[in-house]
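In structure tokens below, several structures.
Each of the two complexes below includes chain A, the first together with chain B, the second together with chain C.
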Partner chain A sequence: MNELVFFINNVVISGLTIGSIYALGAVGITLIFSILRFAHFAHADLMTLGAFFAFFLTSLFPAAGPAIGLPTAFVMLPLAMALTALSAVYIDKAFYKPLRSHGVKPIVIVMASLGVTLMLQGLIRMFMGTSARSMYIDDRKGIHRIELPFELANRPVVLTDPQILLILLLIVIVIALHLFLTRTRLGKAMRAMSDNPDLARVSGINTDTVVKVTWIIAGSLAAIAGTLLSLDVSLKPDLSFHLLLPIFAAAIVGGVGHPYGALAGGFVIGFAETLSVFNWAVILRPWRDYLWFDLPANMAFVSSEYKITVPFFILLAILVWRPTGLFKGKVL
Partner chain B sequence: MALFEATNVHGGYGGMNILNGVNMSLEADEIGVIVGPNGAGKSTMLKAIFGLLRVSEGEICLRGESITNADPVELVKRKMAFVPQEKNIFPSLSVEENLEMGAFIRRDNFVHMLEQVYSFFPPLADKRRQPAGELSGGQRQMVAMGRALMTEPSLILLDEPTAGLSPLYMAEIFERIISINKAGVGVLMVEQHAKQALKIAHKGFVLVAGQNRFTDTGENLINNPEVAKAFLGG
Partner chain C sequence: MLMKLPMKETLLMVALAVAVLLLIQVMGTAYGVRVLVEASCYAIIALGLTIQWGYAGLFNAGIMGFVALGGFSAMLLTFPVNQSFWESELSGELGMAFLKLFAAIALVAAVLQLHRLSVPRSIRVPIILMVLATLYLWVVNGFAPVSQSIVSQYGFIGGFGLPVWAGWLVGGVLAGGVAYFIGHICLGLRSDYLAIATLGVAEIIKAFLKNSDWLTRGTLTVSPLPWPVPGAGEVGFVMARSLYLSVTAVLIAIIFYLLHRAYNGPWGRMMRAIRDNELSSSAMGKDVNQRRLEVFILGCVLMGIGGAALATFNGIFDPNGYLPLNHTFLVWVMVILGGPGNNLGTLFGAVFVYVIWVMSEPVALFILNSISYLGDLWFAWEAPSDFTSRALQARVFTIGLIITLVLRYAPNGLFPEKVQHHH
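Now for the complex of A and B:
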């Protein structure tokens, strides 16, 4: 039973956590791509920026969290989301919109977004240095140890506050996003513009508003992902480097332009990562006497330092065998 | 006052002029049909009217007010609508959502307009929840026209509404265009099927090389031996 607990902790919970983070990033990338037709490379930096805003607000009001029994950074999340969304809207206005109105090729805007990446990373380092920081100032990370009601299980399932909040929040976001896209005037306009931008304009849809709403949603989701990831691990200025490839892989695996595909892609990449670094020897240990080989102490597909290669290989495989992704999206 | 008037319109893509002085006018209750050989600038003229193409010279007026080079969103607000020839629906949106997008600028309740569009195009009523991309060519054209009608426009521009449709559907689409017009909507359309289209037209404009070659009532154009010989296949 302890093996099962080990599996739940290291695969199910980690996979759900990191999968949710990737999903939130990938949804943003996919939405931006469907509306603006370019791959937004600075997206992972919006996540870092969001986490940075949350950290900044936490240090301003460190007592806010303990007062209501939640992590302070989580209490500050709505504000951090608003600030990140605002930044995203203004980054678009300052850097991408002028290029769009000149009618440049998408690759030029992709390059501009690489520039924005470097700029954001520079700015974040300028204000908070290069070291890792804890998002907890006046509070501590809540860790829940859940004992399983089995005799043989003497180890607990471990869940942290940010993990619980992340998964709950993701469920709320998925429902809200679904309702927004299928029930509201602006959400339908977003889908319309993704379907046929020229016709959207001819129909009288205010495309500027749709673009703005897209950045607000993408920015807010990025802030949620960045903040909760930093709450669970720590806030590092180079967070985005570790996120960029997986979130793009997730968006492409899901089929670019499909928000639900991006969600699925996020979990595919997240679980692929956790399954490939999982030590399978632990699961096999009870059966070691029946195995035809000597069980090594560590039997993972990839050592955890090379975790980043997993999304990379999935990305390559998808691009070679199914370039439209699982949900038949557009080809990047 | 004419509903729509274009005077000496010049324009084109980049440096190339395709329109070299087109003149048109249409009354509120009329159907106008633009015919002419390929490359005469028929579709280009519609795009120029709807602000999708820069007009370099000349003037376009709606109810006497200049709308030359106005933004499409502005034109939709002024009760004008445009149905492009291709890619004129939102394929992944349902039929009803396509129609709702036509009414994007409307903040009032437009349910009565949805019902009116369904009464114009009965086949759509049963398919309102179906993605528009799954419909047949003729039904897609109905969705496209329905979408354009949602703002209750006073003038609707149709770019080859029967392109690629079977003769049966073509006749049906022309029927619908007549009933839309009878409901008080001015129609200006480009058609390849010149003869059939001129039959329903109050006014016809024969364009050649970006200029009016003939401008007359539809009936007179059909009966004009010169037009019939050169443009209507004898």
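Now for the complex of A and C:
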């Protein structure tokens, strides 16, 4: 039974956590990809920026969290989301919109987004330094140890506050996003524009508003993902570096332009990563007497230094066999 | 006919010459020549990028990976042979591990041909996946014990002791091979996908070089790498570096001449046609993806050679030293500032940007030290302890700003591409 608990802790819970983070990022990527038609490389840095805003607010009001009983950074999340969304809108206005109105090829905007990546990284490190920081200032990370009601399981399932909050928040976001995209005028306008921008424009949709709303949604989701990830681990300025490839892989696996596909893609990539670095020898150990080979101490598919290869090869595989993604997205 | 020198280009070249002379004057000849050699290596890399981006409009976001492969090849082929390892039993075991790898590759290739036997897809896919997983584990478990004992007993396998030019050449070939693999998959799709894939492959190459201790000594680094010319110990710093510079200059001259011929020849015309209007050129019967693959591989070969020359010059192979900022984005700035598609502009951009890049570090430190000194003096403000490491991040910001500003205000660079019109 302890092996099962180990599996739950190391695969189910961490896969759900990292999958949710990837999903939140990938939804933003896929919305920008389908409405503005370029791969937004600065997205992972928007996540870092959001986390940085949350950290900044936390250090301003360190007592806000304990008063309510939640992590302070989580209490500050709405403000951080607003700030990140605002930054995203202004970054678009300053750097991408002039290029768009010049009618350049989309790939030039991709380059500009790499330029924005560097600028954000430089700024964040200038203000925050290059070392990792804890998001907890006046409070501590809540860790829940859940004892399983079985006799053989003497190890607890471990869940942390940020993980619970992340998963709850993700459910709320999915429902809200679904309602927004299917029930409101603006959501329908967004879908129309992602299907055919010219047709949307001639039928009287204000494309500027749609673009702005896209950035607001993408920026807020990025802030949530960044903040909760750094609450769960720690706030590192090079957070984005480990996120960029997985979230792009998630968006493409799900099918570009498909928010639900991006959610699924995020979990596919998240679980693929955790399953491939998981040490399968632990699961097999109870049966070691019946195996025809000697059980090695470590039987992970990929050692954790090469974790980045997992999203990469999933990405390549999907590009070879099904470039539209699992959910029949666009091949732009 | 008299050749008229264009005003702007001449002025820019004069400005560059003045900047270089100033650098040599201020920092000393040995340092100045060193910067010039490094700039010339970067120029080879930048020429590789300019044909990808300028000739064909392909976005390569993973230059670092190809540069690192070049450096790795220069290290592996030219470093002196580790006799004690090759005489031990471990070399045979390593050979067995490689045999397993080749056998596995052959088996995978065979399984991928199952469709020729008209095996239905529903059976084929599970078989392929099973075979892949089993072979993967078999090969990995074949390598693991050998590589561990190599690291514990001999450090690493050492080099092959071949001449330097062989290392540079193989560096180009290795980079080209990886480029074929990536390009073959991504070039038929939207250009953004190539950017994502190259970004990923660069990180994977770096992770591989960093963690394969048996092959590269990982973070312990390998040095000194042999030079193609007499080293500083024999003829002095300035002379040795000048000799090295002449080697890279000859290399650049050859590459430049060939690229110039190619650009003005039918091949270059076709590449530009594909870049400017993909639809009409494919309607004229050009195989767009094949041509793009060609130019992508060619560009990456040049990046590999440039990376090999750079690593050989530095004399050290350090996988951790390869950073996206220094080896991808700096090259980007060189090309888009100099003028994509204009070889002369690219050369100018490479030297100009590199000189500024090198100078920016002491200048930034000087400014920031003055700031913290004055802040302390006037406001009793104490600078944080990691002030300098933070302050150098201003360079990251500046590179990003330059990229976005050049794209917006001077998309053709300082030396715009000159297309010859035949009337």
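Annotations for the structure displayed:
Assume the second predicted complex is superposed on the first by the 331 of 332 C-alpha atoms of A that agree within 3 Å, B and C clash if a C-alpha of one lies under 4 Å from a C-alpha of the other, contacts with A are read in each partner's own complex, and residues count from 1 in each chain.
By our rule, a contact is a pair of C-beta atoms (placed from the backbone, for glycine too) under 8 Å apart; a residue touches a chain by one contact, two chains touch by 3 or more.
Everything quoted here is computed from the prediction, not taken from an experiment.
Of the two partner chains, chain C is the only one that A:Phe95 touches; chain B does not reach it.
Set against each other, chain B and chain C touch different numbers of residues in chain A, with C touching more. Within the superposed three-chain model, A:Val11 lies out of touch with both chain B and chain C [touch as defined at top]. By the touch criterion defined above, A:Phe248 lies against chain C but remains apart from chain B after alignment on the C-alpha atoms of chain A. By the touch criterion stated above, A:Ala112 is placed in contact with chain C alone, chain B being left untouched.
In the superposition on chain A, contact is made by A:Gly122 with chain C only, not with chain B. Using the contact criterion defined above for the overlaid structures, shared-chain residue A:Ile164 touches neither chain B nor chain C, since it reaches no partner. Contacts of A:Ala200 after superposition: chain B is touched, whereas chain C is not reached. Touching of chain A by both chain B and chain C, each in its own complex, is seen for no residue at all.
On chain B, the positions that touch chain A within their shared complex are 50, 52, 72-73, 76-77, 82, 84, 87-93, 97-98, 100-102, 104-105, 147, 151. On chain A, the positions that touch chain C within their shared complex are 33, 38-39, 41, 95, 98-99, 102, 104-108, 110-112, 114-123, 125-127, 129-131, 244-245, 248-249, 252, 296, 301, 303, 305-306, 308-309, 311-312, 315-316, 319-320, 323, 331-332. Across the complex, chain A is touched by residues 57, 59, 61, 136-137, 141, 185-186, 189-193, 195-197, 199-201, 203-204, 207-208, 210-211, 325, 329, 332, 336, 384, 386, 389-391, 393-404, 407-408, 411 of chain C. Residues of chain A touching chain B in their complex: 185, 188-189, 191-192, 194-196, 198-206.
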